[in-house]
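Have a look at the structure that comes next, please.
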Amino acid sequence: MARQGAMAMELNPISSAGEQTVGADIEALVGRLYPICRSITGDGVRKTLSILSEHIAIRRIEIPTGMEVFDWTIPEEWNIRDAYIADLLGRRIVDFGANSLHVVSYSVPVHQIMSMSELRPHLHILPDQPDLIPYRTSYYNRNWGFCLSRNQLEAMGDGPFEVRIDATLEPGSLTIGEIFIPGEIAEEILISTHICHPSMANDNCSGLAIAAFIAARAERAGLRHSLRVLFVPGTIGSLAWLALNDAETWRIAHGLVITGLGDRGDFTYKRSRLGNARIDRAAVHVLSGCGGDPKIIDFSPWGYDERQYCSPGLNLPVGRLTRSPHGEFPEYHSSADDLTFVSAEALEEALVAIEDIIAVIDQDRTYRSTNQKGEPRLGKYGLYRTVAGQSGKVPEMAMLWVLNLSDGRNSLLDIAQRSGQPFSEIRMAADALHGAGLLEDVSKRAG
Amino acid sequence: MARQGAMAMELNPISSAGEQTVGADIEALVGRLYPICRSITGDGVRKTLSILSEHIAIRRIEIPTGMEVFDWTIPEEWNIRDAYIADLLGRRIVDFGANSLHVVSYSVPVHQIMSMSELRPHLHILPDQPDLIPYRTSYYNRNWGFCLSRNQLEAMGDGPFEVRIDATLEPGSLTIGEIFIPGEIAEEILISTHICHPSMANDNCSGLAIAAFIAARAERAGLRHSLRVLFVPGTIGSLAWLALNDAETWRIAHGLVITGLGDRGDFTYKRSRLGNARIDRAAVHVLSGCGGDPKIIDFSPWGYDERQYCSPGLNLPVGRLTRSPHGEFPEYHSSADDLTFVSAEALEEALVAIEDIIAVIDQDRTYRSTNQKGEPRLGKYGLYRTVAGQSGKVPEMAMLWVLNLSDGRNSLLDIAQRSGQPFSEIRMAADALHGAGLLEDVSKRAG
Amino acid sequence: MARQGAMAMELNPISSAGEQTVGADIEALVGRLYPICRSITGDGVRKTLSILSEHIAIRRIEIPTGMEVFDWTIPEEWNIRDAYIADLLGRRIVDFGANSLHVVSYSVPVHQIMSMSELRPHLHILPDQPDLIPYRTSYYNRNWGFCLSRNQLEAMGDGPFEVRIDATLEPGSLTIGEIFIPGEIAEEILISTHICHPSMANDNCSGLAIAAFIAARAERAGLRHSLRVLFVPGTIGSLAWLALNDAETWRIAHGLVITGLGDRGDFTYKRSRLGNARIDRAAVHVLSGCGGDPKIIDFSPWGYDERQYCSPGLNLPVGRLTRSPHGEFPEYHSSADDLTFVSAEALEEALVAIEDIIAVIDQDRTYRSTNQKGEPRLGKYGLYRTVAGQSGKVPEMAMLWVLNLSDGRNSLLDIAQRSGQPFSEIRMAADALHGAGLLEDVSKRAG
């Protein structure tokens, strides 16, 4: 995929050759987050936020067990210290210490000697992928279980086994991480990513790391819009945040759920339920100039937290950016989603794409040409090549499009879309024309 | 074509293996209607209605000769007892008794000895299909004629011939058959089919037989909408019915002209003049799930009685369902459209498709989710699989679509269309959600 | 490309076989205009208008140097008598007399002995097309220069050279040619073509000649709409006309910029900024029936005078018809655009297409069928074939479309578009139906 990043570079320069690239920095952060056992509650989330906080201050919101959020209730807090299946000599056959995926998330504690026939109903494998450990959860149904590879299972024999899950499921709280960077206007751009998945690099250490970098870079660069970044446990976390901020969700003028951005697949953008909101148009415009073969898919009530942001009574303009969509690659929700599955290059490209989308939203303006009848004579303003028939340096086509469509109704994004010119060129042309007094800014005041 | 029929089966079970299939029953009825010589008036129509009345009560409307209906006038009634061309030894060369197509419909009586040169202008053949008898009419131009195969004509010699048409063309009446099954609401679904064609199995014994079965089965099953079935002589019959019911046509909320449904071609749905009425959307949705390669064509003022229902001052939402469209298959309007041209399987598939379209219209509802903000927790209502990552029996995607789009504006058909899920699954999901108290019925009261 | 011309022939017959074709007449006119050195001002324009005036009276508008037109100012008038580069023996190496392209348009006078190194910055070639002379201008930047082929340049040696441009650049006026043919209504159809290009046959002797023929033929035939034809120097000419007629531009109800119509490429129609104005729909309809592979392209603010007519504060419904678009063929803006590059056949086809587009606009009407409910019985009015099943001479499908869609809202062009029937057949059907009293003319009164 070709590197664009014209916009991103204005927010914050992407590292030059010779330096450590920002992609490598993100990859390193992914590596630190990877081993932690996260779930929808518990210390794994808090430890993750602590590491992310090394890059930018993150506010923690703790929501107590039992609190009602819309149709849901904050569950008990789950914490796990150790878990294993061992033979009676104490040799661990399946060991939580080796991979946090080995325990079904939210497993109740167990410590018992049992035969394979007793144990088997609690074991989860991927029959068609004999080397891989699956990822399983049982949040709202009290149960326990282990996930292991089919190869491990087949080598286990009949037992007896010592089975232990040293976990607690007790009243506590659910933790959300929130960053808010106030801009010049109250309208917010939301970036939301889920923090509940254990040791999987792409799903979702990639989203967590990129979100932290975006926030840190945006804080340094400064945006016109306010920026809100949420690290939420999937579903229950976004519901809880929405319930707590019910009177303020109107401020979310544009939003992106981000996840699964480190693999080698092309980008996939899923439209908001609104279908053609500004965020949708900005994302489509940026991705279409990104190279590769980006897929643009319609909204469906399946996926990540966009399901909640786009529920009918909220209907927020929130789309979703991923690479290979969830459930459509063999490594999905398994131990194959490890650190080798993500790359610095893919992570950096994703950062650039998201920053470009944010820039399009943030830098969009609506102008009215001061020459409504006929074109202005660009040469008078030093904006024309000197000998006709030879092309100049100024993006003349972009200037002509801006002049022709700037009737006070079309924004720069509208003009970029209709003309097929990159937003960056349209904005450059508009800046030149505005500087020459040929455009009047008639953008609606937001916020 | 794959058998769907999920909806039809609820209206009335389609016969199971081992029994006589409903398709065979329809085919048998086609076989009984086939020999009768029908025209736009006369006893052939009445005899046809008598046979159809063995399946369901049919009201006859007799409209007297000379009555004006819009721009038209009810013609004299035509009845025919016998017709032939014979040699002077009385041997019949062309015999109406062998095939009712042999006489041009509405031929005035004739009984005369004539040479081939006198007779020839009254003979109609299909030059390129030497075995086939064409179908010809001369309703509004007093004339007489015989239709025969080119082979018959070439074997006739120079004559002289005895030419006889024992017919009467006298004041009488035009006959329409009407079935009305009142539903819970005054809004009607109209099924209209033409009853004026003589011995052709597909055009239109197929439409007549299927319409009778639909009415009989709907009466047993019960519909929310009222159902009106019309057996009308083509053009003049629908015009007469519309003129007589001019103040009540607004009740026709959805309609289908059906004909030519027994051949082996894929379905063809012709949209109403409105283009995207509920009937159009329901038909497109059902046919797209039917297998085969259904064709959806735009309205044109050519074809059957949809021309009248869709005239500009009525503009009723009436589409048309056929298989191979009229005029586009070699057997069209000829003796090749005989009983071998239709099959029980094709007839039953057509019945199922029409009943499914009716069911979509009849069972469509508009709901509002009781959880407008955020999804409900389906597990609380027993509507969720127990271990995440394993699929359950409930059509979860359909439930999520219904919940997400049920904002009080989208009906189940809208949801089926946007989601690409079959209407039957969307309705099943809606029933489950409604049963759990998660949906409120906000359908507009009709009628 | 197939010849249509059904409409054009009604305006004015296209010459029959045996006669001199109108295409040959246009080609002959192109040949007379070709040698003249035109620019945005000066006697070349006036001489061109004199020749065109042999076909139809043309009003000249002289706009004085220094007058402000919107953001622009009428420049000094440029006239050139002679120009050459010669060796010191007086042998001309580059001679304006041989081709008016040899001098950069608007060159200031020069007469000097200079070496190649001094001269070279003033020489323009096409490096990749060694035989061709480019076309260059320097209207708003005082400069001088010569255009020549690369081969000429390479043969020139180091000089010294006598360099002479015998031109004047002095206060004078800019000349516009205008034809106005009043019709029955005040709404105008505008044909605009640029008159500022020197010796290039396609760009734009073709447009000039065709425009004159269209005006002359329309004057003889008579139109309902008023017709205005403008011969304008590119950009500054249309701006000047628009500025002078600022209060009257609303009368331009439909417009076409025409140019480059004599080459062998298929037609290219560029939509107005409005995108789907009546002129756009008429052009698309006519071209789609023209044969060949016409291209329909969206508006962009690049090209000819449509840029000014479609500036945001005017936004006139003006499209553009060319064959191969400017800049997309190798002969563009060079000496290869000579008389061999255009053909009588292509010129005549273009005339026919434009006249057909004008005819669709001019002959469009909106009717209301007097039978809103049900079809009328065409046989009563002598408009039906006598024996059903055999096709008659009357375009029955066109009649049925007109009857069905004539609800007072659809014009004949709307009906032609929706039905896919040629406008000429739809109009013929409408005339027959109107003659029989079956249609009432409910066209909005224009003007």
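A few remarks follow.
To keep things simple, chains are lettered A, B and C as they appear, and every chain counts its residues starting from 1.
Assume a contact is a pair of C-beta atoms (placed from the backbone, for glycine too) under 8 Å apart; a residue touches a chain by one contact, two chains touch by 3 or more.
Computed from a predicted model, the values in this text were never measured in an experiment.
Under half of the residue numbers found at the subunit B and subunit C interface occur in both copies, marking it as a different-residue contact. Fitting subunit A to subunit B on CA positions gives a rotation angle of 120°, reported to the nearest 5. Centre-to-centre separation of subunit B and subunit C, using mean CA positions: 54 Å. Residues of subunit C found to touch two or more other chains are absent.
Contact residues of subunit C toward subunit B in the complex are 369, 371-377, 379-380, 384, 386-389, 397, 400-401, 403-407, 419. Of all the residues in subunit A, the ones that touch subunit B in their complex are 69-72, 134-141, 143, 235, 238-239, 242-243, 246, 273, 300-302, 307-308, 310-315, 333.
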